[in-house]
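Structures incoming, each one as structure tokens.
Each of the two complexes below includes chain A, the first together with chain B, the second together with chain C.
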Partner chain A sequence: MALRFAGDFDTTYAHDMAVIRNRGQWALTIAFLVALFGLPFVASGEILGMINLIGISIVAVQGLNILVGYTGQISLGQAAFMSVGAYTSAVLVKGGVPFWFALPIAGLVAGLVGLLFGLPSLRIKGFYLAMATLAAQFIIPWFFRNVRADLFGGMPGLRVAPPTLGSLVFNSQETMYFPIIGTVVVCTIIAKNIARTRLGRALVAIRDNDLAAEVLGIQQFAYKLRAFFLCAFYAGLAGSLWAHYARAINPEQFSLVQSVWYLGMVIVGGMGSALGPILGTTFVRLLDEFTIQFSPMLSKIFPEAEANMLAALGPIVFGLALMLFLVFEPRGLAHRWELLKAAWRLRPFAH
Partner chain B sequence: MNWDLFPQFLATGLLTGGIYALIALGLVLIYKSSRVFNFAQGHILMLGAFVAWWFTENLGWSIWLAFGATIGVAVLVGLLIERLALRPLIGQPILATVMMTLALSQVLQGAVILFFGANQRSLPMMFPLQPVILGDVRLKLNLVLAFGMAMLGFLLFVLFFRYTRWGLAMRAAAEDHQLAQSVGLRVPRIFGLAWAIASVVAIVGGVLLASISGVETNLAIIALKAFPAVLFGGLESIPGAIIGGLTVGVIESLVGGLPQDAAFRALHLGDIAPYVFMLLVLLVRPDGLFGLKRIERI
Partner chain C sequence: MNRIIVLIALVVLVASVLMACAPAPTPTPVPPTKAPEPTKAPQPTVAPTKAPEPTKAPEPTKAPEPTKAPEPTKPSLRTKANAGEKITLFHFGDITGPYAGITTPLVGGFTDGVKWLNGKGGIRGAEVTIEWADTAGKLENAISTYNRFREKKPLIIQLYGSAETEALRDRLAEDKIPVMTAGVSAKGSYPPGYVYAVVPIYSDQFGLFIDWLAANWSKVKPAKGQNPDTPTVAIVTWDTSYGLGALTDESKAYAEKKGVKVVAQERFTMGAPDVTTQILAAKKAGANVIYTNTLAHGPAQILKDAVSLGVRDEFLIAGDNWAMDLSMLALASTASEGFYGVLPNLYWDDTTHAGIKEIEAQFKANNRKPAEHSVGYLLAFAFVDAMRAYIEKTIDRVGFDALTGAAVNETMAASGELKVMDGVITLDFGKDKRAPSKARIVQVQKGKFVPVTDWLTAPDLRPK
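And then the complex of A and B:
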């Protein structure tokens, strides 16, 4: 149980349920949102570009966290579900549908494909289910590569038009920032709230003990499918955002390695908390950014890899960070943050 | 469909399946003894191919000497991985071990590019390049001999498990960790041995594969086709690994090669046939042919 500020009592049911608990927190929240949406007016395009990339990943990782963190199932197919969203959105926008409608439709279509690959969860779970999603990770990019090349562009992929709103064209880092960060904020609020509903508690029950959950009347299959749907829905949103952000998509962008990175972000951030994906994604992306900055220095030591320094160092740094987290802090950064908060509130006492 | 080619594709499929079977054997060994599914098996295989290439290229060794030395490296790599990465996770949930081997795959991928570069290399021929002709079927001699070596490896391991003390100890540990520990077996050492053997198996597969198709980072992806093989054969079964590997090889070869219709061939169905097959196995018989059935009904 999180420690509360002194004097913070639950005097009404509404207050008992509230996420934002007092005026100070309201003020901080509003200040944060204002700062978040005011950022593009002051920050440089380079920084915004990075935030945009992090934002897109956060959406995908939030979804994955619902499946992995809350429900305890493993999915190795998040990047593939993202590609479903990306292609759906690209094809729809090409057909004249505005981006703002294509975005949720992309999420829905990806969610339905997610349901399809979640169906084996009727019989299998845990590791075996991970293998089913691994199959999705190979079958879906294959589909976009080889089927209906007239529609999906085959191997070279598709060019995607930027979103428009009236006369406004979202074709720069500054403008794409708003749809991306808007989606991140909405997705995070929804993810945070899902965890507090019947659905979220049922998912946690399945994770902690599936037999006991079933005995309590929670239909495992139905709830696991919902988790799969949500997970893929978020991936679809992220894919749609990515398609219109990058404005060129091809099947190679959505590889197994991507999926592994998303899983790694869930672990590093901390499973089963809405804060985890944000911390994990930001941490991993920043780490990658540092690697990019440092890699030229190492190319003198490793001449073989000079041209591919980044391809070499990126996976090593990510893999090692993930290993260290698994061994030393399996509950991730979100847990550390909770500890820090508790320590702050108890100050100056240790306990 | 051109049924005249059926024996040809069947034979080719069996031969590639032999290599999948070898990789699958490594997976089964580790899973059986320590309940860890090694997603990095393909990357260990790739590492082996690159190390063998380095020995032949930079030290000027003959391919066979390099092969032997690479096996030594494999033992070290396996023991190191087990000690540093997986020992700390004993008793952790399955997600932790899955993530650990995935992290390991990333580290190995990066390390190979860091030390050896990402360019495609080629190993000296291990076997002469001449076709073997059996009736209508033409086969490459190197494929046939690689298959033979894979099968020989299998035989050695089956004998090892049946007739040596270490083999007996490994079978005991596979049965029950606590029981094995209580009769005086050092279970962590057995895990180490399993990883060492699995790495050796992967690296033998890697060198054989690389001597046929070249040394490249894609080798790790090719090895992923051993996953359907393991699931089909059953996660705990060594004969299952052979049968699964051969089946997947044959399915891939037949689906990819047999249909002659151009529009159909353009789909490259052979690429995903193993994974569709894996989905079917998961739906129909998740324990595989010879896997242990954990009965858990709700």
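And then the complex of A and C:
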């Protein structure tokens, strides 16, 4: 992910395969991690709150990127898979299981549910598969609304306790930052490395030409199911983090619109790159944040303006900015970053 | 060499980013006027002089009475604002998104309310300012907005949505920030905390409707309804926290106790263009009453579809307070005639009421458009005055310099009944009470909301 300078040659296969190739990059990585985990000590709660929300979305989008970006399968059910993780974690913690165990279990349960909705991918693809995964977005919320209201709380949902570690309660932006960003870092490293394994290469082969992949001995169905599992596993982790961050969940929170936005974040960030979800989520979330503040800002400048008009302007600006961005950078922010890296790679010998 | 320069540049960049992320230096707060320390009592002279041995001891010298400590001077509370002092009122909610029809005019009402308040001298001389945000019905946006607002230590916040109220209630208690909310689900308002509902909670409203229905069934039953001897209710409502807020275990049990059967709960999505299926299902279940817990366009759709199915005279159709808006009358047109609702506030039609007259005058003075002449504008205007009242009471109690969210919360929790703007809305909070209980049943007659009862008290159906 980091910049690479002219004259930095690979001399061994191990060096060629490494993600972090030299001391400079190691130093940068360590400095970045120190800065990342040191942030709660210097940043305000408002900024940390925004980063926490972005972090939770990054985990979900990173999973979706494995399915959409690497494997070329479409899913419109990511928010529903998140709800599986959120409810699993909430119920487990209510039952006395510590959050730190509930988090991976939530991922696993969501992954298994994802497998179930991945089954149609054997027979269908493209828009047809999108419609099949859409079913998850209707069936799963229905399940949590109507089945075992004593356990899942029905429509009003559940209150969720914040995570604890000994006497430490993770109930503020500062404290929740650590489990959220920790999960983001681990999930991003795993996503980056999945792409470099046999599994990742098989997924990319299926995306590029499923028939050719099959001929080469890649069992399409098995690999597609793995991609669905991983996608939903990540969503489950994100759901668990969301539940303990928001501390109240109900089926309304995991809507189809949110699933569509996750897809949008993958596209804006750039598909098939571990960096894409980070950039895409950050861009969309910050744009959203700007939109929230845009109408009140205008109302200060034009106090006499009609409230309806001001309220409508926020979403219009949001849509317009997104549209312009996609027109001018259709391959996503990660591609722009690659171009920037390529430019630096030649320095100082630009010729 | 170049690498080192680039490395240093990057480290400087990271450091700059970190510095940029650091919280802005907060202005030094004006130190609160401290109460003068009470004068300390002089220590009493201790032991009596001991008599020398063996001579008879003279009477021991009596220790002088310790000088009584003077009563500590009661600090004089500062109840007037210093020059340039400001109080910010915060409000946020889903001003765009599915609830926008009702919620958008809230912005205008709130803005004009604050302007009116400042025209009258603000809050004890402090200028009142507003911070608001449109969360577009997204919970992430609500949380992020709350994170931004809480840094500014609000005295009180106004919320509009049930979902965001439910999600934020624990944080509000931790941060000691009271909110008045228009999203009055039982789960958001109870157990008592920092959330105060501005109208009776939805289950209480339904209970009040049941009381009225049971007592007046023979007079109000629909002309061609089934089971004419027993009021039989179907809830036809949105599939959301708000929509499902009326029918709780407590309200259902209460209805049964009152001899009113609740036979079905039919759900539809917000903005659904057709609810005929739900109405027919209600009919099939034997219902002769339809109750809906939806904003204005919900009942409008039910009323229009009941007319188109030809079953309007088979049902008494009623709704909660947010159903009672001009936009419902506009959308349902003549189909709205005879619709009943629970109304805990006065309405624009109460033209002789002093509070309504004042709001009407401000509405005209600010050149508001007819589309904003809604329940949202009316109530938001009144909310501003309610906030003023609670903040002023708190200032009287603790002084300007100890004015905090926690102090305002203490005031609200002990405030009892408060008639806002002479009773445009009546709030009623207590130690264990977080929502008012009074409302009237009104009916649409010739395009107007006409009260058909006096003020009734809703049963207490808060969750156990």
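We adopt the following convention: the second predicted complex is superposed on the first by the 310 of 351 C-alpha atoms of A that agree within 3 Å, B and C clash if a C-alpha of one lies under 4 Å from a C-alpha of the other, contacts with A are read in each partner's own complex, and residues count from 1 in each chain.
Simple rule for what comes next: a residue touches a chain if its C-beta (ideal position, glycine included) is under 8 Å from a C-beta of that chain, and two chains touch if they have at least 3 such contacts.
Since this is a predicted model, take the numbers as computed values, not measurements.
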Touching partner for A:P98 - first (chain B), second (chain C), both, neither: neither
First (chain B), second (chain C), both or neither touched by A:A246: second
Which of chain B and chain C A:P120 touches, first, second, both or neither: first
Partner chain in contact with A:P315 - chain B first, chain C second, else both or neither: both
First (chain B), second (chain C), both or neither touched by A:V260: first
Which of chain B and chain C A:A135 touches, first, second, both or neither: first
Partner chain(s) touched by A:V327 [first = chain B, second = chain C, both, neither]: first
Chain A residues contacted in one complex by chain B, in the other by chain C: 145, 304, 307-308, 311-312, 314-315
Complex contact set, residues of chain C against chain A: 2-3, 6-7, 10-11, 14, 17-19, 21-24, 95-96, 100, 104-108, 111, 131-136, 138-141, 143-145, 147-148, 150-151, 163, 166-167, 169-171, 174, 185, 187, 239-241, 244, 366-367, 369, 371-372
Chain A to chain C touching residues, read off their complex: 3, 5, 24, 27-28, 31-32, 35, 38-39, 42-50, 53, 57, 145, 154-157, 159, 171-173, 245-248, 250, 252-253, 288-289, 291-293, 295-296, 299, 303-304, 306-308, 310-312, 314-315, 347-348
Residues of chain A defined as touching chain B within the complex: 68, 72, 74, 119-120, 123-124, 126-128, 130-132, 134-135, 138-139, 142, 145-147, 210-211, 214, 220, 256-257, 260, 263-264, 267, 302, 304-305, 307-308, 311-320, 322-323, 326-327, 330
Residues of chain B that touch chain A when the two form their complex: 37, 85, 88-89, 92, 94-96, 98-100, 102-107, 109-111, 113-118, 224, 227, 231, 266-268, 271-272, 275-276, 278-279, 282-283, 286, 296, 298
